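This is the structure I want to talk about, given as structure tokens.
Labels run A, B and C following the written order; every chain starts at residue 1.
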Amino acid sequence: MASNKTNTGNYFEDFKIGQILNHATPRTITEGDVSLYTALYGGRFALQSADSFAIDCGLQAAPVDDLLVFHIVFGKTVPDVSLNAVANLGYADVRFVAPVYPGDTVQTSSEVIGLKQNSNGKTGVVYVRSTGVNQMGEVVLDYVRWVMVRKNNLDAPAPETVIPELPAVVDPVNFVMPPDLQIQQFDTTLSGSPHMYEDYEIGEKIDHIDGMTIEESEHMLATRLYQNTAKVHFNQYMMKDDRMGRRLIYGGHIISLARGLSFNGLGNSLFVAAINGGSHTAPTFAGNTVFAWSEVLDKSDIPGREDIGALRIRTLATKDTPCTDFPDKSEDGSRNPNVVLDLDYWLILPKATVAL
Amino acid sequence: MASNKTNTGNYFEDFKIGQILNHATPRTITEGDVSLYTALYGGRFALQSADSFAIDCGLQAAPVDDLLVFHIVFGKTVPDVSLNAVANLGYADVRFVAPVYPGDTVQTSSEVIGLKQNSNGKTGVVYVRSTGVNQMGEVVLDYVRWVMVRKNNLDAPAPETVIPELPAVVDPVNFVMPPDLQIQQFDTTLSGSPHMYEDYEIGEKIDHIDGMTIEESEHMLATRLYQNTAKVHFNQYMMKDDRMGRRLIYGGHIISLARGLSFNGLGNSLFVAAINGGSHTAPTFAGNTVFAWSEVLDKSDIPGREDIGALRIRTLATKDTPCTDFPDKSEDGSRNPNVVLDLDYWLILPKATVAL
Amino acid sequence: MASNKTNTGNYFEDFKIGQILNHATPRTITEGDVSLYTALYGGRFALQSADSFAIDCGLQAAPVDDLLVFHIVFGKTVPDVSLNAVANLGYADVRFVAPVYPGDTVQTSSEVIGLKQNSNGKTGVVYVRSTGVNQMGEVVLDYVRWVMVRKNNLDAPAPETVIPELPAVVDPVNFVMPPDLQIQQFDTTLSGSPHMYEDYEIGEKIDHIDGMTIEESEHMLATRLYQNTAKVHFNQYMMKDDRMGRRLIYGGHIISLARGLSFNGLGNSLFVAAINGGSHTAPTFAGNTVFAWSEVLDKSDIPGREDIGALRIRTLATKDTPCTDFPDKSEDGSRNPNVVLDLDYWLILPKATVAL
């Protein structure tokens, strides 16, 4: 007697505008997760590394890296949103709203905010706004992503097309900074970089120099740590018959590697305030060495804060390609096949005029 | 001047009925161990993932996964019991008696309860009952295992044969449930499964669908985390001359992988109450992809508890073989060479009649 | 517009005698780091494994393994001292001065205490004394290392040669033992070894028997955990063109593996009190199996302590070479190419006359 108690995920016809998906598996984020994150990416940002440094910045303790929070909040949506996805198409309006500290518990819910059946009648695009909250019910992270999902019942009628309006860029007026953050005692010797907000110029390009080679066990340890269940990352038996014959690496793993590498050049970035958008432009596999470079797209004051500013950064990660020459799209707009990530986001940096 | 201060382990003739072995290396289990366990197996059981969920279930915090406790308690017995083992033959009467929380310290002792020299005169079977206790001296885990151990002195006389009587199945009357456990607020949205105790039927078979590929570094990280020193898992220089030429994967690693995969179909299992028996029916190696399926063998009320029940589950894990067709022994009883684990155990699930 | 905000490290001509380098990235060491360290090396020393055992020894909790502290304190010096190093030449006068507990935050500073330009005019040797302090400003670790560093400007004048006087052996009179350490309740059953200070003889050689095979992801997880940024460990794209074509394994990883293996024979070593010197005599690569053996070079009382003594130990680690025959230099002094580590250090052991 075969059971049907296993989760087979939602198909395109299962999603309705306004539908709320309360995702499973709340998760207490601990110092253990933080150590693993350090071991996986080698991050050296002082605020996230040392309680003493964080306390000098007015915080209660070293906050959990923003991207670790992102990956855990994101992972919970996979069984309900993207188990039958053909492709992760993008995300937008990602806002980090409150710091998470070790001991906090996060859970995630999503609202379906857009639907568009594809003309082939076999798939459709689902837009969800996902919200991560902590154990006090406070929002810590809020973002939109959209995925192409298969239909199971091809005869199911197409829903009315709704495409949400999404900001191309998160407006810094919408940033929520930790109210207790203060940077009067910010120590650039301990932070490892003398470069403050004022030192960056729009158009500036930074080669982060270093390269990091990926191993199978590392990306799997990471992706399981995030309780992300997407099969393509774990099941070589299945993937051997895939076009590439290899396990795919979770895109978030590449984002975190690029963020780790970006310390060399962006060492004083305190927080990721927002992600405006991002594309995983090519797959990565174990054995690839990841490099990264960044461009300063914009700079902004933050309403109500004299002491910190925001840099809008575009970071590109490559595989097996050093970034001395800032590899990018060709002049005709065609992609460089070695560029694997193109991420547009806002970083918070201390201002030199206020810090020590 | 060569030293003889290294531990060479006990041989068959060193064991005596009634002998107590107090094993070395007490171990404080921490949030760091829990995070590593999540990164190794990707478990999504809500009770073990979130303090908030566990508190809603009446517990003080998220308890440590039962199998992590098992592996750590078990690991301590290796230097004294099985360093000269030819084979791990089985275990029985495994009872998880009290939850372990991060910060608790466990240590293990064993009593020799059975001995039988083999007719070849070169080996014998040793039965031990091992007991894990916490820092308050409370038993947390109690189990019997038996191993075939080499003799060092072939002239040592055979001991009187003693074979302990062992239960084929742990009787639920002997389960010890956490007295503070309450499931009135059990939230099946957060737990990720709507299926409660009443929903399972004897004879039901569940394909857990997903597959997980094993890497060398993962099983070694796991086995070292458990401070299990069995050489076959770590020493490729030695194993290259073994029949298979490869490092063997610790059987407990497969049990934990199967338990992780079983979330998809058994998501509301709160605890492993007992293991009735189990066999590692074939070796696994790095590169294998592990799948699993389960059968409901029996159901039982638990004396004194209206709110929870026990499912007796048989879980089989395979290598490189999806479990859609529930691979098992042949009709003539011969083993399927791709089945690597056959485990018989009791899981505790909430009853729908009591939960929200 | 290319940025020059990345750290390119110091060159030989950048160092001045008496110069103080305050290194970046203070680090809170947590239970998560301790768990990872256990998973990486499988250490079984009871004092570092169990709070209960440590409390019975008078300490507040299980202290962080000395070598984990060493690697983290050391890692911070890499961006300022050895990013342009040709070779790590040695260390001396390494003293572990105060225990570190989970929750403590360490940071590192270094003083330039020696300089000698090489006759080729292209490189020079830099000696630094590095000091790790905790969040109370207490020194936890103090050591000298010297590295050969490239010149960037070959026309820069050679500095006056200063070669510091360094002790060949740290004098036990300079050991700082934890004042609260007491070993009257030291339990050799729980510690896993009956062999106390008095049981070791000068000249005694111990084969630690076991072997541990290294995987790429393990040494990279370790080295990132230590926030050590030396490129040769991480970047296969770069290293494929190196003479060996492989990523090099951080020497400290080998030290920790050897220390882990040395439990079998030196199980009652409570602390590493000091490292007198050490050489990484050959490179190691993923796939190598590490073995180790030790020789007792000397024994010493410790001023003011009746209950503990110090063993001066020389531990050699090999690759793919069991240590049954204690592989060492040839009689003519030439190195054995399979010996990868030669470490001279002091271990603290309880005295049998005081312990239970």
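We take it that contacts are C-beta pairs under 8 Å (C-beta built on N, C-alpha and C of every residue); 3 or more make two chains touch, one makes a residue touch a chain.
Computed from a predicted model, the values in this text were never measured in an experiment.
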Completion exercise
Common contacts of subunit A and subunit B, by label, are C
Exercise for the section: Have a look at where subunit A meets subunit C and say same if over half of the interface residue numbers show up on both copies, different if under half do. Expected result: different
Problem - Where subunit A and subunit C are represented by their mean Cα positions, the distance between them in whole Å - result: 36
Problem - Residues within subunit A bordering two or more other chains - result: 30-33, 35-36, 215-217
Fill in the blank from the handout: As the complex stands, subunit A meets subunit B at residues 1-3, 5-7, 22, 24-28, 30-33, 35-36, 79, 103, 105, 107, 135, 215-217, 220-225, 227, 229, 231, 234-238, 247
Handout entry: subunit B-facing residues of subunit C, complex
Key = 30-36, 38-46, 49-53, 62, 189-193, 195, 199-201, 203-213, 215-218, 264-267, 287, 289, 291, 320, 322, 326
